[in-house]
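In the two complexes that follow, chain A is the common piece, with chain B as its partner first and chain C second.
Moving on, here comes the complex of A and B:
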């Protein structure tokens, strides 16, 4: 019995020793869909980076191939109506999608996190104003807000990122506010307060790190939503102005020629769909991995 | 009796001749009575509602394509674009001094509501159109007293009351009716273009019924009870943005008598590709009628490659040109400014030339239009087949990237043209593709980045005519076959340049003087002066010529007599539906 007891005492208890992040990474790796998402997104990032310095053909030059040509040995994804190489434009379009997706989330984080933290921690009138604004923005159709902003600011990459962020900051602010409301009542926050920590230290030193998991998950889900929104704006002709190629814009050009040149619409649509799926798989994986209740 | 084999051969030969005649007539020949279908209803879409059917204010091609089937003028263009009598008994000649025209009117004409047509209707219609000051009011500007009426712009019931009272403020002194079937027109100065201007279908020279208009002078044309004309068809129903229907007028006075009994126009479909799909599914008999012959090039390419539908495709050059306009004047009214101003002298002119020479127009046509729906504008802005088209090659239509680059470098380089935007209206897919092509050409051949500025059609046109754009899409569809239609309506002080209704702002004293001289001359004499005006535009590099458009129509094989000439659709009263 003594030997058994000693064995129990000396057995390594790895899960308890692992940090939240290393544990999350371990579990993320076990999620095959999330891992596939990571691999695909890594590929998209590489393509986007490569396309900044090299594409098979110029993305802007017209007449490099016969307009509407089907995929062939020279143009693997065919040629668009102006004789531009579809593969080259698809590669360059990856840059725009990533910039829009990540740029929007940076803005959303920059606005939503501080507002949510302050509203949840200080409560009172500020919280009421923030809650009112969140509800107000939820009440206005996001497409309408984005269209008006793009119309007022003009269609450009920066303005589109701003317009999409304006329609998305509430999700982050509401999430962070809820997390903060919960965390501010926890003992370690009470202890920090009792030790004389200032609100900024408590918010950014204690509450924010503990709310980081849900924030990352929310931001990860926000990226595909922003990419889709940009694609939709481009489809409506209000996206990034030509000649910059975007997947939504390419799909919009291709849809009218689908009966003679299906590759023009299929290629960007598949790229867009796979990217959206990859981000969603990654988001799901992160949510599972970062959920403390799911730790095994 | 001829042997059977000979009869068969004879029949085949006659059939072949008839077929050739049908093809020659462009999509169907005359509305022969061969094997008529029991249902003589013609269905076709227009991809946008007409703005008005009132000749005083109509200014869109769609308006006029419809009006020409239920209204008339004293004269009109026939299928071969000759001016022929319509409500007049003959096309009058000008008096020896070129100042007076006397029209004798037909005595057998009635409006579709039974009202008799007389000279009083002509005076009412023309005075009313002059007072309304619609887009084509200037077609009447040669008539004595027009300037007075134009200054007293009126509309609605106020105008009707003044016209009823023959008030001098809305009555052109040069327009008189010696008797119920004679109209005398005195011009303030000779105008060789006058007869062609009043022949323009659905425009200010066309005739309306005072009795039908007086109760609802602004919207009479939208109500079947008051949309009255003298033409072979009458409106029987109209739901805005949904549909409009016309029935043939029983015992119509003119000829040929309509074979169609009904024309149904669908206004609910606004996308050309959707309309083509519906046509292919049997929903329409024609696509492209009513001013919508700019069918998508992708659909045309597809149809050309089909065995059964390619024969239904009719491609016909239209009298429509496209070019790029520069802003050439900067003043308090024209805010765009830019590097291409007339006041910029040779430097600005060379920059304009650099931008013109940097565009490969042949490649543009092959890429954007697939060599199908447009042809390069190599003979000036006036399209082939029209008087005023250049015999020689327009030097601005040339492509010379090296010279363009040299000109740019010698005149300030890329920094002199930094921050430019090219404005265009994206509703027409060709405009979008053209804009992207131009952007690529200027980038590739000049190293100059030009941003694209898509603007919805209506505000685009208004802004362009105010001088809000440095570079913009421009175009013109001929109203009639006379150079005056181009040189008076696009440039010069007479139009209002630089500050009113003028895309470029271009006007010079030399242009104005020569324009006035040419306008006053009979056409044969005026041609040389209009050619000199054309040369002035070239010398000053006022435009970058792009292309002349080609209209595309789909016409079912059982629709006979449908087709087009370079100006307008074949009239409905020449169309019939064969058994199918």
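Moving on, here comes the complex of A and C:
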């Protein structure tokens, strides 16, 4: 009897010893799709890193194979119209996609989080301006904003990242503002104020850590959205300028000759789709793992 | 604390550490102005423990929050002075009041569960209270955190430092909150119903802890509560609030022994007694707490008062000295009610029952 009572008492306490993050990681691992996403993305990151120092053939050199050659033993994914190795370019493309995806989200976080925190906490006139801007940016089509910015700034990797971030910052700002509005009314914020904490400390030391879960999830979903947007811009010829290989650009180059060499379109498309899917699975998994109300 | 030392403590009054003068806090609502704190005046003396009692909505918490200018929207402090160390806390800049919060005047709240940040380690939150006022280096703060946790008698303090709030029990969380409040050795600790969310045995431990800290550290404690038992156990002086105003104040023994305001008298009468007869009904105060949007004319307690006279319906009684150290805001006072209206034998406590000024006879 005593032994069973002890077992009953100790069991619920044991998982509680884990910190918030290790607990979330434990729950994430149980989600198979999310785990598959993590594994696939790790692979993409490794490929992107390797491509910086080594690819089977040079990424830029033309005429390494017969143009439009189908996949064969020398060129596993075939050769493009200028005689460049598709596999090598696909590997280098992973690098660009990740830089665009993650770079955009870093900018979005850097802009959206402070704006959202300040608007939600101080409210008043600043909040009204921010809310107006958020609604304004939602009102204008993303593509229009991005196209105008790329035209104005000129197409380069950095400018593409800026252009995409401009069309995406308000998702984050709105989320953080909403979180802040509800967190600011919590008693521990009042307690922090009563302890003499400065507004910056309350925002970044107390409110932000409590909003981190939703922010991480939002950022994770933002990465594939940015990658897709970049691919779309590249497909339209407004992305990262050639000869830098991007998945969207490669698909665009191949689309004209899709009947002769389908691999030129199919290879980057599959790479893109799998990456987007992996990020979305990961985002879903994180959402469940970071939700404190989630089941174990 | 024995009654005699408590009475002594009440008598030896040095210069007040905090002087509140005619404090007014109002809420601007769609329906009108709610005077949550309406002309509250009192002094707090160094090292004393002052109880503020009153029912929900009597303005006791708002009084405490007003002192530190923490009144939530849409509340506003519209008048009055709070003198602390020769400065008026209502007039100083936002930065200056921020420095005073937590350093000179600390506050602990009702529910320790929600007053601790759930995603930060408890020890970190306590250390932060020190770092916010640059009272210590990180190293010192960490050391002092362990000392503070020991001081508030948290067992295995060294290992508890790294615990998150959800890993602590309710009582331990409130102890941690108290440790946070004491982190900067403040001269005043405001405790807003610190035992309400805890179960009875833990309540007693927390009160004992507060009493000990009050004695050992000489921190003045302002205890906000609706529980007369808490006041009796911990405080030397008490303020009784009703509808945003102080209706009676004085030494705890004296007021428990001989309340002069009918509201205080009714409150004390309505405490359940273990020695009451088995089938005796629990006494309560007739009527409802007043709507602060439209407070009654005259004395705010008159619609519920068994001893009201005609003057009560029209004129607001000022807080005047009725006995040495004891102030009450009442035209009648219990001395007269006992002598002339037989308050001690009174069974019918409906409004106006004792004075004969019953609802039907009220002049509008």
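Note that the second predicted complex is superposed on the first by the 283 of 296 C-alpha atoms of A that agree within 3 Å, B and C clash if a C-alpha of one lies under 4 Å from a C-alpha of the other, contacts with A are read in each partner's own complex, and residues count from 1 in each chain.
Keep this in mind: contacts are C-beta pairs under 8 Å (C-beta built on N, C-alpha and C of every residue); 3 or more make two chains touch, one makes a residue touch a chain.
Predicted, not measured: the structure shown is a model, and the values here were computed from it.
J.: State whether A:205 touches chain B only (first), chain C only (second), both chains, or neither.
T.: After superposing on A, A:205 lies in contact with chain C but is clear of chain B.
J.: Look at A:195 in the shared chain and tell me whether it touches chain B only, chain C only, both, or neither; answer first, second, both or neither.
T.: second
J.: Just to be sure I read the superposition right, which of the two partners does A:56 touch: chain B = first, chain C = second, or both, or neither?
T.: A:56 sits against neither chain B nor chain C.
J.: According to the stated criteria, A:187 is in contact with first (chain B), second (chain C), both, or neither; which is it?
T.: Second partner only.
J.: Just chain B (first), just chain C (second), both, or neither: which does A:260 touch?
T.: A:260 contacts chain B only, not chain C.
J.: Going by the contact rule set out above, which residues of chain A touch chain B in the complex?
T.: Residues 60-63, 67-68, 81-83, 237, 241-243, 256-257, 259-261 of chain A touch chain B in their complex.
J.: Mind listing the chain B positions that touch chain A in their complex?
T.: 273, 296-299, 301-302, 305, 363, 367-368, 370, 426, 429, 433, 435-437, 439-441, 443-444, 451-452, 454
J.: Which of the residues in chain C end up touching chain A in this complex?
T.: These residues of chain C touch chain A: 68, 70, 72, 98-103, 106-109, 111, 114-120, 128-129, 132-133, 164, 166-167, 177, 180.
J.: Residue numbers of chain A touching chain C in their complex, please.
T.: Contact set of chain A toward chain C: 16-17, 19-20, 186-188, 190-198, 201, 205-206, 209-210, 212.
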